[in-house]
Amino acid sequence: MSAPEVTVIEDIRPLIALVAPLIGLIGIVWAGEKRRNLRETFTFLAAIVQASAVLSMVPLLLGGGIIEFHIWQIFTNVPLLLRVDGFGLLFACVASLLWIATTVYAIGYMRGLHEHAQTRFYSFFAISLSATMGVAFSANLLTIYFFYEMLSVSTFPLVTHMQDKEARTGGRTYLGYLLFTSLCLLLPALSWCYVWLDGGTVTMDFLADTGKVGEFSQTTQIILLALFTFGFAKAGLMPLHSWLPGAMVAPTPVSALLHAVAVVKVGVFCVIRVYSDIFGTEVLRELDGEDWLIGIACATILISSLIALSQDNLKRRLAFSTIGQLGYVVLGATLATDMGIGGSVLHIAMHACGKITLFFCAGAIFVASGKKYVSQLRGLGRRMPITMGAFMIGSLSVIGLPPLGGFVSKWYIALGALDRDAIWVVGVLLVSSLLNVFYLLPVAVTAFFRTDETEENPGIQEAPMACVVPLALTALGCFVLFFLSDPLLRLVKIIE
Amino acid sequence: MFEDGSIINELFIERLNYLIYVVLLLIGLHAMIAKNNLIKKLIGMSIFQTAIILFYVSVGVKEGATIPIYLPEHDPHGSHASHSDGNETEQSNHGPVVLDAELVKGYSNPLPHVLMLTAIVVGVATLGLALALCLRIYQGYGTIEEDEILAKIEGQEMGTKPSVVVKSVDSSKPATSQSAKPASKPKGSSSPSPKRSKASPRTKAKATSPTTKAKTSGAKPVSPKRKAAASKSTTTGSKKSPAKPKTAASKSTTKAKPKPRAKPKAKPTARAKATSTAKKATASKPKPKTPKK
Amino acid sequence: MKKLSLIPVLLVGALLIYAAEDFPEWGSPSAPASASPLSSHFISNTGVDTEVPNMVTAVLADYRGFDTMFETVVVFIAGMAVLAILKNSSGPNSKKKIFHIETEPDIIVTNTVRLLIPVIQIFAFYVLAHGHVSPGGGFQGGVVMGASFIMIALSWDLDTALARFPVERCTVVAGLGIILYGGIGLLSMFLGGEFLDYAELANIFPVSREMARYHAMLGVEIGVGLTVTAIMFSLYANLSTEGRLKGGL
Amino acid sequence: MMENAIAWILIFPLFGSVACAILGMGNKKICYPIAVLSMAGSLWAGIEALRQVIASEEHTISYIFGGWTLDQYPRGVGIEFYADILGILITLVVLGVGLIVAIYSKLPVQEETPGKEPLFYTLFLLQITGLAGICLTGDAFNLYVLIEVAALTGYGLIAMGSNRAAAATFNYVMLGTIGASLYLLGVGYIYIKTGTLNMIGIQQAIEANGLADSATMQVAFVLVGIGILIKMAFFPFHAWLPNAYCNAPTTTSCLLAPLVTKVMIYVMIRMVLSVFGVEFSFESTMWVDVMPWLVVVAILCAAIMALAQREIKRMLAYLIVAEVGYMVGGIWIYNYYGFIGSIFHVISDACMTLCLFLGAGLILRKAKTTKFDGLRGLFGKMPLTMTGFFIGGFSIIGLPPTCGFFSKWYLITGGMVSQRWEYMVVLMFSTMVMVVLFFRLIERIHLAVTESGENLGHGHGDLGLNAEQTRFDEGPLSMLIPLLVSATIVIVVGIYNQDVVSLIEIFLSDYNLPRGTGH
């Protein structure tokens, strides 16, 4: 999807989007716990600035341009380069817009629960958003690697925010998986490309060097492909997925933004980058050993859905559903057809919007009633209608029913599968959608249609406004995205 | 068997020095590695360095050459030149000259001697420093046998934090040292803590008196011998030497008693062991009989 | 342990013997060490370069004067390090370990030493100053000089010796020795040469460049002698009393 | 005066030390300013020298003491200082670390060695003199003398600690003397064959006389190598290092830990490249096949031993041993990138080790212990200190953009180029070990959970982690600022690694090392 003949514009706006959270961070730390309103204002301002900077770049991109900003030279011939293309911009828009919503939500959530160390929370939140922007705007593999690591480390304090025993175990699995994969799989792969492509002169640039990997022998390409695919463990592909449920010990805003939008989506984002911009669809399609990746993706989808069925803890169920949805994205990318990749790109946005709604709802339920388990939700629908309604919408979107965003992306992925004449993949899609129905709908259903005979939850009403408004908005977003899908596709240049 | 070219001939007849220096070097090296007594290690170190010096000096050997000091006829100032033949004198009249190759053969190579002068000095410096370390170790542990030192360090390891901490603590402010010590105590048994307090001199300053007493009397027995060797008047020396332990003991608590009894019959290492065990005893129970067994 | 330690030792031995075969002919003038342009230059040109008859002294103090400066520094370091290790290390109870010797020092010993000391010290000066034309020089002279003070300590007691040469003064003297050495080098550097380029001193002293080297070497040797004297004695004083510098011998 | 910049590098600390020894007896307060000033002057001279070296056309300055210039006298008559870019870079590292530690040392020295300030600063400055001289000298025997200068001062500085330190120092003296003496013996073997002591002269002689396959030179290579390996605490010979660095006074460990081993790595590079020459070292000996495996063993053992430690300084000491393995490996995988990696790692490792030990010193001063369990909740008390400490930790792990990442990157690349998979695997392994080590620390400091797992903070860490309850209790500025400066250096060196690496590339361009790229 990276067209060579584009007008390159030098512009600092990507850097602004990158640095805005860091500047906000200074304000946050300076305001501190004493002046919490001021502190949250800073967070909010940072989010606004970032989002506006990102959005202001959309017209340029639709005008067929590409924005670049050169930060500094890492190695000989490898600059730390920011480049905004449609794909990255789409991801950046989703992340930054949802950050605003999350900020509002977090204020309600954290204050509602009287969480401790909120300053630390907001600070590292800002850092990780900056890192996310960096990944979205990276122009070559090394740049992306930098921000990828930055994200891993900066989210650790958020995951272990509760500072208790399960937080420790969660944090250990989190860092263990992410750093192990990135340091022991990704780094060798990078240095392999750096050394063996053109004698160390390759920049690993996403525009210039697409398909250079084709010089390697088939086996080498397979090995590289595997190293990259599993190296970006944030994508949560099946053998390396269990950090994500572990990370659910984090407060809900973290789970919502980071583990439904930023972190996991960064993972699949990187995977798609590698597939489409390092290997390139042609090379990937000729790669005969590449079908097993499709297999792994499908397996991930099905198995995670099955696991999700058995989860009673709401957040864990959502986590496993996230793994499954990420499977869709990777699947679309592995299909290595424009349709498939376009579908997975869309799915990043669609699923982000849907899943964050679900997480918001889960958090709102927790704030309002302190309930964590699906089995406890009987009759909550009447008491918190907005929340549960939003939950319903989000579930439908994730399941993929029109007129909700999730439908479009799945549709394109299916088209991509058909381009590859892989009918069975379509079958897998159908089955998994069915499974989605089974593990998502019951939640809303129990909430609405099951009256709790034992009147065990008196006086529960809606969560605070700051919680409800964002989730209503995101639920709305699921509708809007369905109708925005065409401009989005045009943005990522799948269809002209 | 001593025909030319055979290795025996090579090594024993022509290059004896090269063999001897290797042997010396191995002796020294083995002493440094294997000996248990620190002083013996140092002796090994000296042998080791001497071997290397011997090697360098052997390199400087040159057949038919004299020491690298100009003979009178080559003396730059020509002071002795007048006594030699005219050719030399006229050379010496207009100052020193560059010696030609033949004359160069007559002097041996000065460089190795210079290098070895440096090496000797370095060796002396190292030796002096190492001896100071031995004294310090003896003050700290009451022995210079490596295994005993290690044993004592093990004893301190359990239940105490590194002695650097102790030092920094009570050199900064004694108040915190009081607070810091109990924090470390409960981990280990009660016995290591007084020994630990012996470990760092600055703790000793604040530590409980029995340990210090025990330590001084532990080092005490050296005194009479040294003084006997020092001043010929052994009568007064030996008369005073038993007196001093008594004063120390009288000032000390009952725990310091065993030492004077353990002193007279023990050889150095045995004495060190006796004192160490005695200290354990004093720490655990004030029963004076233990050092005997 | 002993058995194990034999293994590396014997390995090293085998290595060295193996090499000893390959050494050049014993003492042959054509061996690289003796025939190299370096040694032949030292032998042939020392007179021309420095006018010092004793090549060892010339190489020591001038050709490789930089080495010798750090050699002196090593001696200085030894003194300082021993002080640092032993200074008030024995704690407050150290006074219990001082032995007061009631009896007078033996009269024969002391009187003999009284006679000997001046001779020894004069001889030390001779060794130092005559190092240019005969074996000798700063280190040797300094050691002899230091020995004279140690002799005082042995025959009377340490306090007597320290009364004549306190350890603080030892440090000062040793430092002055190094300052003298380095100062000569610094001076010759300020006069336009490299560090320790004594020849430049001819610009301010009425001598030829060679004689400038000649005399500068003497100054350098004096510096070495000062340092060695002081450090030798302070080493003895510290080691013999475990750093208490009181009592004992 | 400027043409003598190289000499000034040594003159400043040398005279400064003597001044400390003499003037310090009158007034102990004066030593600290003297030390800082002479370090600053020396650093200034070093920067000046670097400028000259870069300006000179063949990027080297040959400075011969005593005026025995090459135009009139044969090479090696006088002692030569041979400052090429590598040497001057490492010298700058030494001087920079020395300056930072000198500033840092004010309070620790007063508290830990009361009454000994003059002696401490005397030895301190002489240590710097020796190390800087090692980096600059071009004479094999002068190198020995300077190594001994550095070693003896090191003994003295370490032994100023507890009795434990004295015992540890004794082992250090033993091993150090063996190492130095073996080096001296090796130099003697070289001299007996080449008849010169000047490094360049030696290499010329080796090439001219075809000494590559002479048994004496081979043995000399082994002896010199073993001597250096002992001095740099390469794994089988590392026994002296942990105890010495753990029991030494804070300032001492801050000074020695970053410098001594790294400078010895430099000596090995110098020997391999400049003295014996690439052909001799790598073509005509079998060590190029053996050493990488020794390195693998070394890194493995050191990393595992580091895992076993429960005390910061000791853990760091074993990390140093592992890092030494990295750098030696970078040399012996024998290619261009490996050399860039190990040279750059010498620089970056000095920076990050300094950062870590400065942090450890501050922790020790506050928490009164460096045991892991004593550190709970320190982040809330001293956030700046901990930030600096962790920046050093991330650099050891090798997370971008700290300098540790880049050096590790070049090392991995080197292993990739010469296809030393075992080296790469072991690098990965030790990287993971370091991840474990440092995030275990971060947990201790960040979480409210004890090792046994019972929950102190009840999920709402009342361990000074809340800003409501936080009383910031940072260390004194004279110690905090050096730490932060060094942390900044760690990042800045990482960000501007390209400039450093380009300098290193200029240096390496004189030697034909295999680049081994392509397919």
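Which chain is which? They are A, B, C and D, in the order written, and residues in each are numbered from 1.
Throughout what follows, contacts are C-beta pairs under 8 Å (C-beta built on N, C-alpha and C of every residue); 3 or more make two chains touch, one makes a residue touch a chain.
These numbers were taken from a predicted model, which means no experiment stands behind them.
Enquirer: Most contacts: which chain pair?
Expert: Highest contact count among chain pairs: B-C.
Enquirer: Averaging each chain's C-alpha atoms to get its centre, pick out the one most distant from chain B.
Expert: A
Enquirer: Centroid of chain A to centroid of chain D, CA atoms only: how many Å?
Expert: 43
Enquirer: CA centre of chain C versus CA centre of chain D: separation in Å?
Expert: Spacing between the chain centres: roughly 31 Å.
Enquirer: How many angstrom lie between the CA centroids of chain A and chain C, rounded to a whole number?
Expert: A distance of 74 Å separates the two centres.
Enquirer: Starting from the mean Cα coordinates of chain A and chain B, work out the distance between those two points in Å.
Expert: 67
Enquirer: Of all the residues in chain A, which ones touch at least 2 other chains?
Expert: Within chain A, no residue touches at least two other chains.
Enquirer: I need the residues of chain B touching at least two other chains; which ones are they?
Expert: Residues 25, 29, 59, 111-112, 118, 122, 125-126, 129, 132-133, 136, 139, 201.
Enquirer: Find every residue in chain D that makes contact with two or more other chains and list them.
Expert: Within chain D, residues 141, 145, 148, 152, 155-156, 159, 166, 191-192, 197 contact more than one other chain.
Enquirer: Name the touching chain pairs, would you?
Expert: All chain pairs meeting the touch criterion are A-D, B-C, B-D, C-D.
Enquirer: Okay, in this complex, where on chain D does chain C touch?
Expert: 4, 7, 11, 14-15, 18, 21-22, 25, 63-68, 73-74, 76-79, 113, 115-116, 119-120, 122-123, 126, 129-130, 133, 139, 141-142, 145-146, 148-149, 152-153, 155-157, 159-160, 166, 189, 191-197, 201, 205, 209, 214-216, 218-220, 222-223
Enquirer: Going by the contact rule set out above, which residues of chain B touch chain C in the complex?
Expert: It is residues 7, 10-11, 14-15, 17-19, 22, 25-26, 29-30, 33-34, 59-65, 67-70, 74-77, 96-101, 103-105, 107-114, 117-118, 121-122, 124-126, 128-129, 131-133, 135-136, 139, 201-202, 204-205, 212, 215-216, 219-220, 223, 226-227, 230-233, 236-237, 240, 248 of chain B that touch chain C.
Enquirer: What residues on chain D touch chain A, complex-wise?
Expert: The touching residues are 337, 394, 397-401, 406, 409, 412-413, 416-417, 424, 428, 431-432, 435, 439, 442-443, 446-449, 453-455, 457-462, 465-468, 495-498, 501-502, 515, 517-519.
Enquirer: Would you tell me which residues of chain C are touching chain D in their complex?
Expert: Where chain C meets chain D, its residues are 15-16, 18-19, 21-24, 31-39, 41-42, 62-67, 70-71, 73-74, 76-78, 80-85, 87-88, 168, 171-172, 174-176, 178-179, 182, 185-186, 189, 193-200.
Enquirer: Would you pull the chain A residues touching chain D in the complex into a rising list?
Expert: 32-34, 72-76, 115-117, 119-120, 145-146, 149-150, 153, 156-157, 160, 162-165, 167-168, 171-172, 175, 179-180, 183-184, 187-188, 191-192, 194-196, 199-200, 215-216
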